[in-house]
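The following pair of complexes shares a single chain, chain A, combined with chain B in the former and chain C in the latter.
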Partner chain A sequence: MKKYSAFYGVPYIIWLILFVIAPLVLIAYQSFFTIGGQMSWANYQTYFHSGTYLRMTLNSIWYAFVITLLTLVISYPTAYILNQTRHKQLWLLLIILPTWINLLLKAYAFIGIFSQNGAINHFLRFIGIGPQQLLFTNTSFVLVAAYIEIPFMILPIFNAIAELNPSLINASRDLGATNWQTFSKVIFPLTLNGVKTGIQTVFIPSLSLFMLTRLIGGNKVITLGTAIEQHFLVTQNWGMGSTIGVVLILAMVLIMFVTGERRKRGGDK
Partner chain B sequence: MANTIIKFNGVEKRYGDTVSLKKIDFELEQGKFYTLLGPSGCGKTTILRILAGFTDASAGTVTFKGKRINDLPANQRKINTVFQDYALFPHLNVYDNVAFGLVLKKTTKTVIKQKVSEALRLVRLSGYAEREINELSGGQQQRVAIARAIVNEPEVLLLDEPLSALDAKLRTAMQVELRQLQQRLGITFLFVTHDQGEALAMSDEIFVMNNGEILQQGSPVAIYDEPINHFVANFIGESNIVKGKMVADHQVEFVHQCFECVDAGMRPNEPVEVVLRPEDLDLTSVDQGNLVVTVDTQVFRGSIYGIMSHDHAGNHWLIHSVHQSTVGRQVGIYFEPEDIHVMRYGESEAEFDARLEQYEGEADEKI
Partner chain C sequence: MKMHGWHWRHLYLIFVFALLYAPIFYLLFYSFNQGTTMTHFIGFSWRHYAELFADTRMIQIVLDTLLIALLASLLATIIGTLGALVIYQVKRIWLKNSLLSLNNILMVSPDVIIGASFLIFFTFFGFKLGFNSVLLSHIAFSIPIVVLMILPRLNEMRQSLVDAAMDLGATNWQVLSRVVFPFISPGILAGYFMAFTYSLDDFAVTFFVTGNGFETLSVEIYARARQGISLEVNALSTLMFLFALILIAGYYLLTRYTTTKRRQRRYQLEAKIKP
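Let's turn to the complex of A and B:
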């Protein structure tokens, strides 16, 4: 038994080493080299002493937070209602479907929709408000990002709600709880793990969205993702790019830790 | 009835094409212990779910103290439930599970504390208050479920097989506890079980169900002594059931012999079924017996022997005897006229009651 499971693990371990551990080590290694090629802490010093980078960091965190919050507020009720419907798997499929479309294609589609001659401005003109600048605004950036992330939030919450034993809801009602009390005391605490997973899968990628900040946000918001891209592709300062990468990775680890499942021991209150 | 608290009037439940309950009528009096007894899938849980408000009746009315409650939400009914699957909240510990209802009622902390520990003491789980639910055994979880419901002291308590996961000793202890609690607080209990011994031991009234119908309602003694049909006779206790013929009032023929009995009110020569309980059959010698049988097997059951035998017509007879017999030997079995219970084919409970009233009335007139 033991031998077999170790054997089947080999491809996975190879994959892990080649595509997860090696890149991480390379990034960490790169981050200690200045653009001149010396090995030092210089990149980290620059990062933590430069107002620009810190502002970018805050920006990234703030926008990731807003995007995550918006996604959560939309996704939780959606997942809940979806679970009540008769053909819930079908509805779920329809919500997941857009994730199969390439991100770039979706971004361009939104450029079309939000542009001066796009569908929304046509409509605004039609109802008499007149055309507005929609593209390249922070709002449109947040909206599109939320739109793209929503399926990743809905899925874990949907599963958590689907796993909920309906008897528990009956029990709560039986003991006198109103709908709201049942939600806050039973349903939400029991689906919290789904919410946490959703937050992880949305917040972390949202920290480094660079394509959307450029295509939809018009680079008004510079996030860490944009900075990395610029360092690697434009200024060729791989060391600095890697440093920001390391910071992002550490931030992700922190998020995972904060939202991660902690074993609840008996008697902790 | 004077103190009717709950009434089912023509209640039906259908799931699509399947009928789970067919026209259920019953009344529950305040402060009594009722038991729903029936085989798996007969609709016991469905009745509780309709009463608690978790599902709607497809037809009929449910009344609570004279008021129709079909549309009253579950949280506004003064009814609590012990769920068949316990339905304990996995994210709360034992204390918080039991306190759940009291907290919602905004009871003060000290009162909650006292009531919860009292309830836990009653189910023999003092000292388990701080445990998480997943750290309890099945039987312990079941007792937490009982504590969580009784702590609210509802007017009506619905218990869906609340003792099914307990060992025999704890089960008997909990039966006594529940019965005492019920009598002390005057709560109306509707108890579900498929253990007939438990039903007989605890109930004021038993409803015997099968296939979504209530076949018979009555006190444990009445149901045991006068089952209305084959199903009830077989389901409650062990029975010897043989085919027979009602020759005349108080005269029944079976195994080609005519016996005196106490039943009457049937057509002459009507085919019937005859029930004789194994403990009512006494072993005697061949010449003193009403019937002669041959012993096939004998099983020691602790306090008695269970003796299987057959007569010359091929009927099987189970006899409970404190004395041993010998396999293969011919013995006589003796019974009194009162031990014979005659059942008509297809007689409903209402018809049975009417017939009983009629011939008992006639008997009274004769006196």
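Let's turn to the complex of A and C:
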């Protein structure tokens, strides 16, 4: 079988070169070109010296952090309780099912729900608070982003909890630990890998959800993703867009480094 | 695990499920609205479905999207399967790990980065944006998931199976088609399925590389959602929701069918061995 491997590996290797390595090299290369087509460090200088870009980056990281935290707080208990139910695979499937609905459709649903006469404002009027401006606010952006990311956080945590050896929990109880001690000293540390994977899968996309900032956030929140999209497709300043892209890639590498290894997904041994 | 905790746990689960499904059902519910807003339900009507089916442009976009998804997932599955075989056969650890890291780059990159870098890539080589660039991009970002679905199956496969086939004089092709492929076929199926949904769901990458003349469903929905509410989109989401349900049920039945068939075959074999 060995002597043929070089032959049938060709399409895959071509893919690696053309669609993995080449685009990365090109985006780094493009980031050195100004809008006028000159090659220089100008884009990086603009990025690091004008306060706007740095503030935008910090803002974007802050929102991604809030979204990730909110998702984690909702998802961890869910994953934990799901693991104790009887038909847990079926329930898990029901958690995953919403991810099959196109993201744009989910965002679109919230345009209706959060609108002036939408469901939430109906409810607010009913309990006497009165209608509020919900759509096109930062809060609505965070809520919708968290809504979309919840299943991606539940899944890795669920798997980590499912792999947990129940005798460890029993041992902890037998030795007189309270529920809280069992959780904080045994369960949580042992499922930390699932949490880390969840944070990776939620935090990185949260930096780049440009369609939500447009449809739900009303362009009030500018994430790194929005800035890149703006530079590439609206102002046509590809150089600056690529520079922000390089920053986003570096941020991604940093996050992967902080949260441990690559996404644990079978494959690696 | 005290009894009083039981109640609250389940209440919490119900709350999370309600949270996850309420927006979806809200969307589906208003597709039957006689009026034209997503806020006041006047009466039941099929009119938005009628509008949808009369909208030939929309139907063309749906067909294009399905075509892209079918072609992209098929080609991604073929290339990904070959890729998994390559990575599986590499013996040097550092090379295996670097191939895996390269493979995973597109899995962890934000969509915007993939889209922007592919756009630069196509423009750099003077490739015209449209159907072909979208198809190539979808193949490209679906390959890594196929590889990741197949590799665990390959790692589970016992080397002795391959050795036995070789000893018995099987050619390379026979080893692949009679031993390796049947063993990894659940992984291939799962990979195809994932690639299909990736392609169907993608918005950001397509948005970057689609150019002017060609549109997929996600791009069209984005354009319409920016203009405001049109209940035709709600009608479309109902149909897409049903399609997703059918797809999942089909996948579930297919995997059940292949495993039961395999089990049956094993029983028959055992019956033959043990008289």
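Here is the rule we use: the second predicted complex is superposed on the first by the 245 of 269 C-alpha atoms of A that agree within 3 Å, B and C clash if a C-alpha of one lies under 4 Å from a C-alpha of the other, contacts with A are read in each partner's own complex, and residues count from 1 in each chain.
The rule we apply is simple: a contact is a pair of C-beta atoms (placed from the backbone, for glycine too) under 8 Å apart; a residue touches a chain by one contact, two chains touch by 3 or more.
These numbers come from a predicted model, not from an experiment.
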| item | value |
| --- | --- |
| Partner chain(s) touched by A:Leu103 [first = chain B, second = chain C, both, neither] | second |
| Which of chain B and chain C A:Ala177 touches, first, second, both or neither | first |
| Chain A residues touched by each partner, larger count belonging to chain B or chain C | C |
| First, second, both or neither for A:Val186, with chain B first and chain C second | first |
| Touched partner set for A:Gln200, first chain B, second chain C, both or neither | second |
| Shared chain A surface residues [contacts with chain B and with chain C] | 265-267, 269 |
| In the complex with chain A, residue positions of chain C that touch it | 9-10, 12-13, 16-17, 19-21, 23-24, 26-27, 30, 37-40, 78-80, 82-83, 85-86, 89, 97, 99-114, 116-121, 124, 136, 139-140, 143, 147-149, 151-152, 155, 162, 166, 172, 175-176, 197, 200-201, 203-204, 207-208, 217-218, 221-222, 225-226, 228-229, 233, 237, 240-241, 244-245, 247-248 |
| Of chain B, residues touching chain A in the complex | 49, 52-54, 73-75, 79-81, 83, 85, 87-91, 93, 100-101, 104-105, 130-132, 135, 148-149, 152 |
| Residues on chain A engaged by chain C in the complex (per definition of touch) | 1-5, 8-9, 11-13, 15-16, 18-24, 26-27, 30, 74, 77-78, 81-82, 84-85, 91, 93-95, 97-98, 100-113, 115-119, 122, 147, 150-151, 200, 204-205, 207-208, 210-211, 214-215, 224-225, 228-229, 232-233, 238, 241-242, 245, 248-249, 252, 256, 262-263, 265-269 |
| Residue ranges of chain A in contact with chain B within the complex | 165, 167-168, 170-178, 181, 185-186, 189-190, 264-267, 269 |
